[in-house]
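When the chains are written out, they are named A, B, C, D, E and F in that same order, and each has its own residue count from 1.
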Amino acid sequence: MATTKLGFIVQRTPYKSENTKLALTHAISSQSVEVYLNDGDLVTADIAFVGDGVLNCLKNQKAMEKYGLTSTESHIKNCLLLDLNVMVCKEDLDKFGLSENDIVMDAEEFGADMTVKVVPFSEITKMMEDVNHLLFF
Amino acid sequence: MATTKLGFIVQRTPYKSENTKLALTHAISSQSVEVYLNDGDLVTADIAFVGDGVLNCLKNQKAMEKYGLTSTESHIKNCLLLDLNVMVCKEDLDKFGLSENDIVMDAEEFGADMTVKVVPFSEITKMMEDVNHLLFF
Amino acid sequence: MKLAVFVSDYRLNVDTLDRLKAEKLGIILVQNGVYHATAKENGAASSLLNKSADFYALSDDLETRGLSAAVNSKVKVISYGDIVDLMFNEYDKNVWL
Amino acid sequence: MKLAVFVSDYRLNVDTLDRLKAEKLGIILVQNGVYHATAKENGAASSLLNKSADFYALSDDLETRGLSAAVNSKVKVISYGDIVDLMFNEYDKNVWL
Amino acid sequence: MGKLTIGCFSSLVGSMSLDFSVKLASAAIEKGHKVDFWVSGNATMLSIKGQRAFKDYSALMKPVQELMGKGLSITACEACAEARGYHKDNTIENFKRHSMDWYLASAFDADRVFHIGGE
Amino acid sequence: MGKLTIGCFSSLVGSMSLDFSVKLASAAIEKGHKVDFWVSGNATMLSIKGQRAFKDYSALMKPVQELMGKGLSITACEACAEARGYHKDNTIENFKRHSMDWYLASAFDADRVFHIGGE
């Protein structure tokens, strides 16, 4: 019975490459990893958006309407639905003049209990120290 | 009987992507384009290295020895061998503290008559105005 | 030279744009370049918008990123069809940075 | 945390490195990151080298780019095998910027 | 009406640059222009048969085939394709393959060349 | 000796990132470590059969197959591969294909995870 903790750090804007999308879909796959593991063993995925990466979290992304592509917004909602820990750096939101009103904070419409946590960078540093491995996107 | 002039501008460092290599191999292909054209019609390719792009021109690149890959250096020599006009921005060389001694200037060993021209950016601007189409890499 | 420059990224890793000279300069913001039309870092609009040029931003790319609301007044929002018309009617050369 | 940070580009489009905190920090320059070990722009070495960290640069990537001659004295030139040893013996986490 | 030659290059597959190029080609064709489309480097992935459409990934095979039906001429760099394991027998029907000089020849009588490079 | 899980991602194919990853995997195996190698996004191109080796392009099929002979375990993201038209029947022999959870499962008991993302 062991748990391996992974920290996913998203530092870049969405939609340039598949970078952000792959970060979130890989983090989500932590929910099905048990098929490969022994009973009781776990892999957890915490996600933090930092720097330009906070722009991934803006509301009202029309990627599906415009390009037929799942939006980062809906991937974040999926993460919440699957009870992943999603953090957004407060200092970076402040830098862009963004508040909790501008970003995805919950996925209530899908019945998710988890909400996005807007936290100072120091909290994200703590997460980075706490996890076993870091994956920067 | 017409000539279409293309300007190839290389603005980035080599070996991150295929970017620079594709710039040079496409420019070189101007030498075989006549098979598609009428007699007397021509496409010319001028090449200019600007900004970080001047770092493509450094001597003694060991890409073949280290990664089994043709170096940018040897692509530049091929361009000279095929009489393409190759310019390197003087201001950018100066910025990096580089001189003609540090960069590929000729391909004498292959019998090329053409040499690389170190020119002020204003000359490159003139080329950009003079050509029909610009291709930035 | 009438030059249309396509800016497709927010953090440009080239300084070419500062050095381009054209009688008529259009800057067309596409893909992640559209953040230049909307982002305010520490309260300031992108310094790109200080250039002497006509500015355009692609509507589809603004909407994809959730940015339609806050476009700078210097920037005209355009469609793919408008880009085609600009290329053929207003500018004679295009570059993609 | 003992952190090895791999810098693979010369013009970084992220500011994460300035904010990372680690008891022990190694900066491993690979791919186009190796220009940080050699380039002097307007006479100045890369500001990256002002950080408080141990610096390494991959020999193969220096040689590929024609840069072997001018490596800054702060930077230790290493092989792929050395990277493996650093990862397993000196640091406990790796990040790629 | 004019002729537009688009070249999409290098390392932006899986990004939105191919999506952008395809949409732009579509808009130009709608307006009655002739469009030549050259894909090189990683953009040659556009030429391979049997791409599956998922909502999480850019799915461009179908729109490209529709544009080919409307007159789009599209060509992949043969060497770039071969290096990636894309051969003639797994290339989409009517998707041409040529050496790089095809792109320059297309530029010869183009009214506009739009070279989408970047990184 | 330890276990190293390498993940190579996203849009850097045709760049040197795959070359880097393969050389690093080789160095780790030389030193007696176990290496799991996960390719996702455009890096899944590494999995397709019939890549031709040219000097102008990174030619990694042969070195990868040699490393597989020395014990390298290598797996492509199935969805990323399918979206690109890489199916089971055109995948290199013994190159595995799994969903993304394979990568995380490999990380579970890895001593080191080296995630090569970037752009």
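To be clear about the criterion, a residue touches a chain if its C-beta (ideal position, glycine included) is under 8 Å from a C-beta of that chain, and two chains touch if they have at least 3 such contacts.
Keep in mind the model is a prediction, meaning the values are calculated, not measured.
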| item | value |
| --- | --- |
| Intersection of contact partners for chain A and chain B | C, D, E, F |
| Partner chains shared by chain B and chain E (touch criterion as defined above) | C, F |
| Centroid-based (C-alpha) most distant chain relative to chain A | B |
| Greatest separation from chain D - chain, by CA centre | E |
| Between chain F and chain D, distance of the C-alpha-averaged centres to the nearest whole Å | 24 |
| Interchain centroid distance [CA atoms averaged], chain B/chain D, Å | 29 |
| Distance from chain F to chain B - Cα centre to Cα centre, in angstrom | 33 |
| Residues within chain A bordering two or more other chains | 12, 15-18, 25, 52, 67, 133-134, 136 |
| Chain E: positions in contact with at least two other chains | 10-12, 14-16, 41-42, 56-59, 80, 112-113, 115, 117-119 |
| Of all residues in chain D, the ones touching two or more other chains | 8-9, 11, 13, 31, 60-61, 94-97 |
| Each pair of chains that touches, named by its two labels | A-C, A-D, A-E, A-F, B-C, B-D, B-E, B-F, C-D, C-E, D-F, E-F |
| Chain A-facing residues of chain F, complex | 7, 9-11, 40-42, 80, 99-105, 107-110, 112-113, 115, 117-119 |
| Parts of chain F lying in touch with chain B, wherever the complex brings them together | 12, 14-16, 19, 55-59 |
| Parts of chain B lying in touch with chain F, wherever the complex brings them together | 15-18, 21, 25, 64, 67-70 |
| Parts of chain E lying in touch with chain C, wherever the complex brings them together | 2, 4, 15-17, 20, 23-24, 26-28, 30-31, 33, 111-119 |
| Chain C to chain A touching residues, read off their complex | 8-11, 31-32, 35, 39-43, 60-61, 63-68 |
